[in-house]
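Two complexes come next, and they have one chain in common, subunit A, joined by subunit B in the first and subunit C in the second.
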Partner chain A sequence: MENKKKLLLEIKDLKTHFFTEDGVVKAVDGVDFEVYQGETLGIVGESGCGKSVTAFSILRLLDYPGKTIGGEVIFKGENLLKKTEDEMREIRGKEIAMIFQEPMTALNPVLTVGFQISEALLMHFKISKGEAKKKSVELLKKVGIPIPEQRVNEYPHQLSGGMRQRAMIAMAMSCDPILLIADEPTTALDVTIQAQILDLMMTLLKEFNGSLIMITHDLGVIAEIADRIAVMYAGKVVEYTDKKTIFHHPLHPYTLGLLTSIPRLDIEMKRLNVIPGIVPNPLHFPSGCKFHPRCRFATDRCKKEEPSLIKIEEGHLVKCWNVDKVLKEVKKGLLVEV
Partner chain B sequence: MANSLLQVKNLVKFFPIKKGIFRKTVGWIKAVDDISFEVYEGETLGLVGESGCGKTTTALTILRLEEPNKGQIIFDGKDITRIKRSDMQKERKNMQIIFQDPYSSLDPRMRIKDIIAEGMLTHNILKNAQERYKKVGELLERVGISAEYMDRFPHEFSGGQRQRIGIARALALEPKIIMCDEAVSALDVSIRSQIINLLKDLQEEYNLTYLFVAHDLSVIKYISDRVVVMYLGKIVEIADKKEFFNDTFHPYAQALISAVPVPNPDYKKERILLQGDVPSPANPPKGCRFHPRCFKVMKICSEIEPKLKEIKAGHFCACHLYDN
Partner chain C sequence: MNRILKKLFSNGTSLIGIILLVFFIIIAIFAPAITPPLSDDPYQIPRMSWDINPQPPGSLMSDDMKEIYGFLEKEVKWEKAICGTAEGGYDIFYGLIWGTRTAFKIGIITVFISMLIGIILGSISAYFGGWIDEILMRITDIFLSFPFLVAAMVLTTVLGRGLDKVMIALISFGWMGYARLIRGSILSTKEETYVMAAKALGVSDTKIIWKHLLPNTIFPVMVQGSMNIGSMVITAAALSFLGVGAPVGYADWGQMVSFARNWIIGSPGHAGQYWYAVFYPGIFIVLFVLSWNLIGDTLRDILDPRLRGEL
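What follows is the complex of A and B.
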């Protein structure tokens, strides 16, 4: 079914490294995925796995010492990494928009909300300032901000966290982007506000059949809104498939570990599973499979050779040597500890 | 039920809002406004609510790190609300706290052995340095850090390890109760489960009582025996964990549960979307504080503030829906 959908964005072997004084940090090291028209791709992983850097690399927002040193970002048939800065500016905000985690730092504190929304409109369309302002009010209304005529003249600090995130969504949606990249958009918000914001984002996306790349560490959020999911660990995608498969038949030990180590509302758990150890230091990644020191399925082979992301079944890619062993475990019942 | 270890009676904590060059008080932030609850020996009481609801202030006020304006705090049969600072310090041997942020809660200029031993020095436990550090080593090993690392500084540890150090520090005095203030919120998923399991094991081992403050209901459901829900400085519901999740009374608590994302694509639930934001605690709405956002609001709700009442055995709720 996926193949029938229109391919919008294709990431091929993306490599973004940071050249720091201490050495090269391979934040994103060979990432591949696709985004189809109208779908939501969830990128999930813990801090430092490279999920945000992937997003920034797509829009080419990284500065020194970060640099995308390889791969392709093909958006609507064209490689964004080959575009000039001027061409990128045309795409950013207009065709691909981004929502950031912390609305307080992502918004400019000394400019009014209205000005910041108008800015993108004025840049991408030939309209007057008055029209841009009018459109800003409409947008604020659309994202559910009460009294938009007044709010449009206010500064970010006058808005609550949830409202700021709404304003940022209004800004991102202002030029009807075809692809929205949301980097932990609800992490800083309370759950009841998070529910509002997710609901709003999904309603707006449906309205114009836009695509979304949702970056988060929260498996619950992913389960609610994503169609397909890429699980990242240490700069690489370790498992890539549709939502149901990820949650019911994960085949990567890391995915399995994550799913069984979170407390959850839907089932009673006797004891949480634990992924031992910590995320490795990106300056000194382990040899072979980067997950092997924390993996209970690891063998000698994992220590020496790094597996590649291979197709296990249609639409299910896994980067692991021991898929058979994981499968056995999953078949026993995902939540053995229950 | 076991003995009551901690009783909080009509606790009030307001913070002044000061303005102008003379710092005149122009209003009050009603952080905690007349709340009462009990913590039983050996249990984990989950205190849940959204930011600004007063859950952290409650924990800090119980420890008298913030002085209460009104009310009573009875710990282990003793009223500690008005006792002298020096006496309170002695009481704190039995009441410890683990903070949310493992980065700012450890002094960066102290070695971790001294961070953990500081409480023992204050309370004159193990005066002999050698014995003290031996105990520090044991504590470190118990929380999963090698005792060889005790000469290191906090910055040499990861977030999860620092949280373990914070736990070791709290354990050092063998307290009766530990307040865990969002103790696992800042941690990554894989580290969080390690710490939660550690807290559970330690509870069993040392017969600890936890007041577990958190905003994450999934964690609360996993770790608590009973649940207290706060909204804008008030308690809206208290119940046994099972009872609370099976038969939630208060509309706010219902909405809160429904808003929690569940990592299961097949999990069907009714989604209650609340309108608007949490109002400012400086100027809470009249009547029931939740009424402007409530989906079951009635006329009476904007007029009279509902009292926390026992509706079923051990299940309390402050809502006019249950007036009869």
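What follows is the complex of A and C.
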């Protein structure tokens, strides 16, 4: 079924490292995934696991000391990492756009909302300032901002959090990008607004069959909108499969940990399950499998050898030596029904 | 902008600064009406006599001087030295009035150009970073390592006398502060998400610097600039006082203080006899610098980023 869909973005063995004074931080160290047209890919993981850096690497937004040192980012058949800076500027905003986590900091406080939306339009299309302004009003209307004619001349601090995120979406969507990267777009918003914002993004994308890369640590959001999911840990994809599989039978201990740490109402629990330990310091990653110090299935092999991302079944890639043990645990049935 | 003006006018100290500044602006604008020039070059202070001793306020133009003006077919529109004359018969009042224009010229032009140089170099340095930053900042360091007054003095001596040379010297060694200041603010501002967001929309580097970064970082530089206008005038005066600044007889307050150099203590038995020779140009310099400093101080309070949150 997947083969019928058009491949939009393919990431192969992407490696982005930060060359700091203390040493090399391997923020993204060999990430692979694909995004098909009209589909939503969710990237899940704890803070600092390399989700955002992956997104920035796709658009080549990282400055020194961050550098993408290997891999390929193939968008519409062309490797973005080989493009010149000018060619990249053409793609940013027009073909691939991005929505950021904090709508307050992602909008420039000294420029009006209208200016910031029309900026992208003026950059990518040969239109006059008046036309750009008109289009900005239309866009604000489209993202559901009341009285757009007035809002267009207002500054970000005059807007509420939800409205700012709507304005961000209007900015990102201004040039009808085919791929939208959303970096935790709902984290800073309160729950009632979250659903509205997600809804809005999905509706707009459906209009022209665009794709979405959703970066989040919120499994609820993923359950809501993603088609396929890449779980990241310590700069690597540890499990990659479709939504149904992830929620029904995850095969990586980390994914299992994430899923069992969701608070639930249907099962009696004294305490919330947590994954013990913290994300390892990227300067001193543990040997072997990077998850082994926190993994309850860890064996001696995990300490020495790093597993690779292997295909367990059709469309289900896992990076673990102990898949069978995890499977046994999963079969006890502790997981949420989706 | 309205908010800034409102605060400037409601604050006592800045109000004094503004009143002083307006006073100087009026003088500068109406200089030809207040003291009509007697020669072709209005910046040349007319001489009231050939007397080496300063003459007290109220003294009149000497007859031989009038003869000369008559011979040159120039109309003598006024003949009273309201504030007295300096060494060599130079009219102090005329020098004060036309010197205001000189002060504005020196202050505003030098600060404006050095600010521009500083902003361009500083923002390029901060935004692009890496080796560009390294090179530009080391050049800045080299310029900073010269003592300002000495460097300006040496450069004017090399270039020769004249107001334009003084300004070139002041600009050459006056831009580094602005470059450092703007670099610092841009280094912190460019980490803001909205810069990344603008980049992600495909906005070009020049546009990001001009439209996104500078409006957020320019205020400290403007405050610094407004305060530096005063100090630039002082330095120019110092250069003139030392004899490497404006040409002899040029309407420049520093030069007028320099004329008074030999007469400051007065004559034996008459201490302070020639007070007017040093007092008038001195007080003009002090008030001019004070007005800019008062305004700059208040601007800094108003535009302080920590206080701007109440926007």
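Just so we're on the same page, the second predicted complex is superposed on the first by the 326 of 338 C-alpha atoms of A that agree within 3 Å, B and C clash if a C-alpha of one lies under 4 Å from a C-alpha of the other, contacts with A are read in each partner's own complex, and residues count from 1 in each chain.
As a working rule, a residue touches a chain if its C-beta (ideal position, glycine included) is under 8 Å from a C-beta of that chain, and two chains touch if they have at least 3 such contacts.
Note that the structure is a prediction, hence the values are computed from the model and not measured.
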Of subunit C and subunit B, partner touching more subunit A residues: B
First (subunit B), second (subunit C), both or neither touched by A:H124: second
Partner chain in contact with A:D22 - subunit B first, subunit C second, else both or neither: neither
Subunit B versus subunit C as contact partner of A:D218, first or second or both or neither: first
Partner chain(s) touched by A:E314 [first = subunit B, second = subunit C, both, neither]: neither
Which of subunit B and subunit C A:S261 touches, first, second, both or neither: first
Partner chain in contact with A:N108 - subunit B first, subunit C second, else both or neither: second
Touching partner for A:K94 - first (subunit B), second (subunit C), both, neither: second
Overlap of subunit C and subunit B interfaces on subunit A (superposed complexes): none
Sites on subunit A touched by subunit B in the complex: 46-47, 146, 160, 162-163, 190-196, 198-199, 217-224, 243-244, 247, 257-259, 261-266, 269, 271-276, 278-279, 294
Complex contacts: residues of subunit C adjacent to subunit A: 129-130, 192-194, 196-204, 207, 211-212, 215-216, 311
Subunit A residues touching subunit C - in the complex, by the definition given at the top: 56, 59, 61, 63-64, 89-94, 97-98, 100-102, 105-111, 115-116, 119-120, 123-124, 157, 168, 171-172, 174
Subunit A partner contacts - residues on subunit B that touch it in the complex: 50-51, 158, 160-161, 188-194, 196-197, 200, 215-219, 221-223, 245, 255-267, 271, 273-274, 276-278
